[in-house]
Structure formats: C-alpha cells, structure tokens
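Dropping the structures in below, format is structure tokens.
Shared between the two complexes below is chain A, which pairs with chain B and chain C, respectively.
Right after this comes the complex of A and B.
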C-alpha cells in the first residue's frame, strides 16, 4: 500500500504544479500593456477596410467575447474554471481555432522530433560515455566519445545554424527547411515519408549533437566510479567474460542516475526544440508558440506553456514511479 | 599430501608517479591440499597484492614482473587470457576484501551465482545450475530463499557468506579470502570463519586467509606466513609461530599481541614501515631490527628451512644441515 500512498502524493504534486504553472502563465503576459485583439484589428485597419469607430466597436465586441473587459480576478477565475473543464480557450490570433486544436495540430511534429532525438541521444551518449569509462575497451572505441564531449555546451540552435549553412546550403545534402517539399500535398506514400524524413535530418542532428556530449560526460564520470566498485572487481574474479561484466555489472548500475537525468532532459529539450523548430520552419509546437509570443496571443501562450509544464512534470512522476523497477533498493 | 599450490619467485611492481614500488619481491610459498595458511603483515606489506597476483588480477599501474603460480600442476602465469578466465573460480578463487560491496546491487543473488557457473560450464541445464547454487547457499548456512533476494536485503555476515558460496561454486583447489571478517562484529566473525573452515573440509581445497587479527585467524589455520615489505619473513606452524617465533619481525608481532601477562603494556614495533619506493638494502627490516648485523645491510636473506622446520628469511639462522 506504500505504493498507493506514493502514487497519491505524486498526483497531488502534479495538481499543485498545474495550478502554479497556470497561475504564473496567466499573470506574466498581463504585465505587458499590449492587447492582442487591438493589435490584430489595428493591423487590419491599417491595410484599409474599416473606419476607426468601426474598429473600436469590433475591438469592444471581441474583448467581450474573450472576456478581456472583465476585471482581472474574474478573468483568472474563469480561466481556472475552464482549465478544470480541459478548455484552454480560443486563439485570439487564429480565431476561431481553439488552443487545444493548435496544440493538436502541432504536437505530433514536436513529439516525433524531440522524443526520437532525445532517446537516440540518450542511447548514443550513454554507450559512448560508458565505453570511454571502461578500461578494457579498445582505445579507438573509447576515443569516439572525445569529439562529442567537445561539442557539449554548444547550444543546439548554433549547431542548427551551422548545419543548415554547411550541410544544407553549401553541400545541399539536406533540404533547408519546412516539414516537406514545397508543392507536395501530404499523402501516405513511401516517397512522401522519405521526404518528411529528409526534412527532419538537420533538425534532428542539431538536437542530437547538442545533447550527446552531456550524456557522454555524465556517463563517463559515473562509469569511472562504477568500474572500480567492488562488485565489478568481484565479477572479474568470477571469471566472467568482459562483455557480461560490462552489461550486467557496470552499465546497469551506471545507468541508474542517468535515467533520472533523462526525465529532466525531456523537460529541458523543449526549449532547444522550440528554437530549432524555428530555425528550420517546422510546424511544431515551437513555431506556434513563437508566433503566439510575437502577437501576444495570451491564451495560446498559456495553453502551450501549461501543456509543456504539465507534460514535463508528468514524465518526471512517471520516471519516479518506474525507477524502482530498475533499482531494487528503492522498491517500496 | 599432494602439493596444490606452489608460488615461485612472484614479483609485482607498481609504476607510480613517484617511482617504482616493489610491492612483491620474490615470494615463494607451497601449500598442500587441505592446508590452511594465515597471511599476516602490517597494512601495505603486500598481502592483497600477492593474492591479486595469484589471480592474475593486478591492474595498472601494477605489473607482474615474473614468477610462477602453479595450481594443480598448471602454471597460471603461462595460461592465455581465455584460459585464465576459466581458471578463475574453477581452479583458484578470491573472496575479496570488502565483501560488503562485492555483490551487484541491481541483480538478484541467484543471477550472480548462475552467471558465474555459466561462464565456466555451458552444458548444464538451467535447473541443474540452480540446484548447484541452492546447495552452495545451504553449505554456507543460508536459506534457499536467498537465491531470490537482493544484496540490500542481506546483513553483512550474510553477504560475506554469499561471497563464500560463490567462491566454492566450482570447487576450486585454492581459496584466498582477503580479510573476510574485517567489517563484521565479533560473533559474526567467528561464524564466518567456521563457515570457511567447514566448506574447506567439504571440498578439500587449500585456503589462504589474509587478515590482521592474528588471534582470531590462528584458531582456524594450520600455518602462518608473516609478510614484511613485499617479502615473506617467516612461514611456520601456528604452534611454532606463537611459542617460538624465529624472525625478529615475527617476534615483535607476537609480543605486541595482547595477553594476560602483558596486559596494559603495549609493545609496538619501533620504527616505521619502509616506503616501497626506497626499500632498505639487504634485509628490508634491518633499520628496525634489534639484532641487525653487517651482513644484513648488504645481503638479502633467503627464505629457508631452519632447524625445527620453520621457514625463515633472516641471517641469524643457519641453514638446516
């Protein structure tokens, strides 16, 4: 029953995170005096179409529709109320689309890219780091890790720009941006899937190269400690083959703290993911958020930031609940 | 009595930043089947180094410079890497110093026994292997349920027993236990020693017990070897060692043991243990020795059998005629 208690505690924790995140994301954009409805229609008015008085009327009507005319505390309680109904509201800028719709449209792109790259980077980085810390691995194999460690600390957005310039622009090895080639109508075929894949290569490489080094470094540090542990040495005394010791005694133990790191990485990769999506013009969550920030589209910003926060918190809770499966010492 | 272990002129050097440390300088030792030897000596004298060298497990910056370790007629130093992997655990077993942390925390005890057997025996069936593991656990007074447990569920004494059980899985000819009791309470120490004693009788192997606690150890061994600065100073039976130690260092060790007569008086050994980087010439004990002679400063005394049967490396004693 200890597990049930832990589960309940974690779910309560999630609720608090959701509440705190929604409150913060509600108030922070309000600190700016800008009004997205006014901006949108002012832009329309400038390009001609209606008179300033009509404009004021239209703005007033939309302000009422979005509730921007109510007192702030009322807007807040309304907002929390609709959150409870899983209603994130409407986009002011892309009306009549709802925020949920915008997230639904863009999320698959982001999830595919970020999940694949984070997991690939985790696997590659940890294997390289583990091998670099394993004294009996051949030297050439151990040295593969070095260039990745040097890349550590270079932000993925810089890598994105560099890759775009050299591989995309100069060498023309990969498309320069977009989700698929211009003029192609999305359909299900091998050529289209291949086209999609090609457009993901450079963004994926930027994200992978930007994060592998971190895994290599932390894994190597961990591995250097683990390879001297008594149980690894006793395994050698048992006459086990090197690979068995590497896999069952060394890697399994060195990976434990890395798994916690993975949960954190899934959270922080969103930031770099958003920037990289921007560089390559991918239609993901990042681009939607970027556009929303530029037009001060409150509800979209709230919705996406909230969504990200809750996803990250949820993933951390899931990892915490799964962790005992990996480490018997903290099985409850 | 058949000879199961013969160590000839075993030498190990650690190549450290501050110079070469001769941690093992020509050690010779013979053990018959069923014999139990206690290896004592102060910290840093080279006891673990000797055990690791016998397992061919000396790691950089250390190197085995030469010598032979003959187990059941086979020189381990002459084996290929692959053959040596096979010899570990099946010919010669090392139960490590610090057995508290010698079990993998994320694997069940059973899995850590099964993989040891599988590494040496690919033919036996799964159930036969598991049965062997269970029997080994029972032979060290552990329940069969330990097979399904994790290390953190066991007490210190139980972990030490698991290590012993793993050590005897393949019925080796020689077992080396490096300070098997150092982290245990007095009662558990005795039980672990009794366990080692019993499994030794069961499988009839030779045992080398490394330890600091002469008092405890000497109740369980037949012979004692005293090590000083990488060389054996004296090897003799427990009775001889306690009643009539020959080597001046062994004499100092014995008289420093607490007893009823010298209660409250601590007889330390004057002087400091030598640095392995700058070993004294000749007999390495000569700067601390009360009986030092001119010859001691220049000539290394060889380990030889003196009248009475003990083996001593000291110029005070003439060779047995």
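Right after this comes the complex of A and C.
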C-alpha cells in the first residue's frame, strides 16, 4: 500500500511541524525577561492600594496557581498535555473566557472572508492568466491581466488603505470600517445582511486585488509551456474547436500545479487576512490578535498563533494528499 | 612616394559607464527600479538635510494639520511633522531592510554552501530544519518573538534581528541547489584534478559564478525584511516611538484617521511602501534576467 505509506509519512511530518511550532511558542516567551504575571500586577499596583510585600505574595500565589514555580521540564510536559486536550488557557483581559472560546467567536468571520476571497481570486487569477497565455485570445481580453500583475507585489494591507481612501473616504461608496453600521443590533433580516455585505466589500477587494496577480503570473508561466505540448498540437491538428482545446486540453492541465500553489499560498493568505481585518476593525481573528498584542494578553497571542500555524500545516498536508486524486499521472 | 593610409580596424571600446547605460536601456525593469530607488534616496537625503530629525517625534508641531506650505506633508494626531517622520521612517525602513537582508543572505550563503558542498548528515540536518520551518508562517513566529520582548526596549536593530531569525531559509535553499548543480560541472572537476583545495574551489571557482544568484537573493531578502518588519509594525509590535512606516499606519489606524478626515496621515506611508516594494520587485526581475540568460531579451 504505497498510499498508506505516503499518508503515514505526511502525518508524521505534520506531527513534527506541530511539535516544532508549539515548542517555539512555549520556549520563546520563557526565554524573554518579561514576566506577564508581574507586569499585570505591577500595573495594578501603580493604580494604588498595594504594599510591595503584599505584591510579592500575590505574584507568588499566582505563580503557584499557574504552575510557573515548577521546573521548566514539568511546565513543558504540562503544556503539551493541555494542548493535547485542546486547552489553550484563559484570556487575562476577557476573563473568564478561554482562548478557545475567543477563537471560536472570531473564527467564522475570518473563515467567511478568507474562503470567499481566496476562491474568487484563485478563479479570476487562473482564468486571466490562462487567457493571457493563450495566443488565440483577443488582445483586449489578454490585456485585462496586466494591471493585476502590477499589483502583485503590493501587500493587501496597503491596498486596504488606498481603497479606504478612494472608495470609502473620497467617493463614499463603502463604509469606513466595522462589521456592521454603528447602532445596529445584529438580527436576521434582508437589510442587516445587506449591511454586513457592504462592510465586507472593501476588505474583500483589497485581499482579492492583492492576490489575483500572483495567480495570473504563475498561470501564465505554466500556460506558455503547455502551449507547446504534443497533446495541444495534436488537438489543434484534429481540428477541435478552439474553446474546447482551451478548456479541456490547455486549462485543465495548467491548473494542476496551481493547486499545489494554493497550498503554499495559505500562510501568506492568512497573514494578510489578519492584517486587513485589523485595518477594517472586523471582529475576526486579526482584531482579537491585535487587541491581545495591545493589552499584553499573552495566552491569547500564543493560542491564536499556534492555532493558525497548526491549521495552515494541516491544510497543506491535506492538499498534498488530495493531489494524486486530481492528477492521475501521479499514482503513488 | 605616397603614403597609403591604412585604416586601422578600430575596436569599439566603450567606457564602462556607457556599457552599463546601454545594458540598462535593454533591461527596462532594472532601470526603472533603480530610478525609483534613486528618487526615494533623494527624498530621504533632502528630507534629513532640510529638517531636523527630532521633528519626527511627537509634540514637535501643531497636531492634525493637513499638508500646507508650513508642513509639506501635514502633521499627525501626536504632533509629528510628517515630512520629517517620512524621511526618518524611510531611512529606518531601509536600514532594517539592508541590515536584515545582508545578514540573512550571509547566513544563507554559508549554510547553503556547507550543506551542498560537504553533504552528508550536515546537509540532511540543514535541509530538514528548512523543511520543517517552511510550513510555519514565519510572520506568526515573529509575532511571538516580538511580543515577548519588552516594548520599551525594542529598537530598529531588535526589529532587524527578529526579522533575520526566520529569514535565512530561502537563500539557504536557493544557494544550496545552485551549488549542487555547479559542483558537478566540468570546470570544478578540472580544478579538483589540478589539485586545487576545497577553499580554492569554493572561492575561486564556484563563488564567482554564484554572484548573480547571491545578488538576487540579497535583493529578495531586503524585500522580505522590509515586508516582515512593516507587517510587525502595522500590528503594533515595532518600536512604538520611532516613525517607522508601519508604525505611522498603525497609529493612524488606531486613531481612526479616515473616520476623522485626516486622510494624509495613513496615505503617505502607504504610497512610500508601494514605491519601495515596487522598485525592489522591478530590480529583482531585472537581476533575474542577468542571472538567467534564458529569459534575457534580444537587443
């Protein structure tokens, strides 16, 4: 069973990646001279009402409570154990919410935005790229791809600022931020759904404009090599209709490597998604992460980073395992 | 007697500058990229010469003033003169980029060389670490590292250091694969047979052929480092007092600049970032053409 062997190898690799990521998130903060417990109580003490000896006692009590007084290896095994139970700890700022709860609340926003924009830009980018590489396509159609290729290097967060300025601030076509209009109570109705949609337009546009160019470039490169393949030339000589060749011989084969590209792009998609959410103040993972960074809510920062890392690595492995199903030539 | 003037066949000897210009005319993206970089450097130098850098810090000017003759780029909520802030911010962005880019490329060259040239378990270890670290979004690890450092002690140099920590895998893999193909070439075998030692082969035979790749890797690293430090700063993880471009956008965002109509505040660093990243991308495409003659265009 070659596939089973591949499956086991990839799953083992995934475990190693998860282990590496969680070990980094465990050790890096502990190497730093910062002490979250002390910082928080020192901030409280500045606002008054503590004598220094009491403060030390409180800090010691909390260190015991959270296990910071145990030896490092013991803390590490405890940490790995709690990870295995999907326990990422508590938020200090929104106590007694757990980090998992915070992630659960914000995740639907992030997934909706990123899934729609990624699928849309994958489709648009690959179609434009294929057309740009297809010599028989009309010139005006081929030239649509050019502006997207120029935008390719620009980070979506900068596009977000520019779109906010032109479409939101100057032309007043779209709201300037937030998930829905201020003062509206979330309820299920057509007007509210429209309001939600309007607030997602600019974030979605900045993510799409930021990523379409990458797909156009790689698809065009792929398409140029496929044009010269024997089966394309053979199909032409058979006298097949131009569109049939484009769809069944050209596009289908050029699309395959792009799926791998999709897996590789996931990390940057999530990174830019998080930052764009922050700019528009959408209540997704990005805003939670930004707020946690502002208020030194350490466990939330580590929890979100670990969660994203593990999901990106998992999705990459899934795409890699699905690939043989898409491409019959790679039967393991 | 008549003297016959024999016309000497004159070899066209252009000056070195002339050759470079001729090449740049052909390699448009390299030329445009270098031109934009020169413009940005000119802005920064003129800015630093005409206004005191101390004006780039809070409480140095009337706050929230739109661009005018007195404040060419306006001022922000905290009373920074944005003209000074942009000049200092560009300088700091360039510093982080070049510093982190140079160190990252150096680490990559050393690791890539040792990995490919000596092979064996060392190669397996270096390649394995690169492979495990690649699926982890480096930016998120940088968030953890930057978040663990006391915000008051973060400087431009700490930022560069944080960026470098996760920026050496790319160049390592590129240099490794290039050395792997190069060490099997004939000129290396000839050198080995004529008794050149490993150091002589590395620095005398392989290195000169690698220079275009190292240059391209360096530009790519500068690009990546500017990108990464910008992202960290936009999340509020940079040195908060410094007018780094990302910091300006972060603070503008935090104060709701667009809601309040202070549009010039976030737009200026955004445009500057586009110019910086755009010019680097163009230079990278151009260098690719130098390193890879197959994509070189005919004159």
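Everything that follows uses one rule, which is that the second predicted complex is superposed on the first by the 287 of 332 C-alpha atoms of A that agree within 3 Å, B and C clash if a C-alpha of one lies under 4 Å from a C-alpha of the other, contacts with A are read in each partner's own complex, and residues count from 1 in each chain.
FYI, contacts are C-beta pairs under 8 Å (C-beta built on N, C-alpha and C of every residue); 3 or more make two chains touch, one makes a residue touch a chain.
The shown structure was predicted, so the numbers you read here are calculated from the model rather than taken from an experiment.
Q: Mind checking chain B and chain C on superposed chain A, clash or fit?
A: fit
Q: Can A:287 be said to touch chain B (first), chain C (second), both, or neither?
A: In the superposition, A:287 touches no partner, neither chain B nor chain C.
Q: Regarding the shared-chain residue A:258, is it in contact with chain B (first), chain C (second), both, or neither?
A: The answer is neither, since A:258 touches no partner chain.
Q: Thinking of the overlay built on chain A, is A:295 touched by chain B (first), by chain C (second), by both, or by neither?
A: Neither partner.
Q: Quick one: chain B or chain C, who's touching more of chain A?
A: More residues of chain A are touched by C.
Q: Give one of first, second, both or neither to describe whether A:25 is in contact with chain B, with chain C, with both, or with none.
A: second
Q: Can A:327 be said to touch chain B (first), chain C (second), both, or neither?
A: first
Q: Looking at chain B versus chain C in the superposed three-chain picture, what is their shortest Cα distance in Å?
A: Minimum C-alpha separation, chain B to chain C, in the superposed model is 10 Å.
Q: Looking at the complex, which residues from chain A come into contact with chain B?
A: Listed in rising order, the residues are 135, 229-231, 233-241, 244, 248-249, 252-253, 256, 326-329.
Q: So in the complex, which bits of chain B are touching chain A?
A: Residues 55, 57, 59-60, 85-90, 93-94, 96, 98-107, 111, 115-116, 119-120, 150, 152, 163, 166 of chain B touch chain A in their complex.
Q: Under the definition above, what is the set of chain C residues touching chain A in their complex?
A: Listed in rising order, the residues of chain C that touch chain A are 132-133, 135-137, 139-141, 143-145, 147-150, 227, 230-231, 234-237, 249, 253, 256, 258-259, 261, 263, 266-267, 270, 273-274, 277-278, 280-281.
Q: In the complex formed with chain C, which residues of chain A make contact?
A: 16-17, 20-21, 24-25, 28-29, 31-34, 152-155, 157-158, 161-162, 164-165, 168-169, 176-177, 267-268, 270-271, 275, 278-279, 289-290, 293-294, 298, 301-302, 305, 308-309, 312-313, 316
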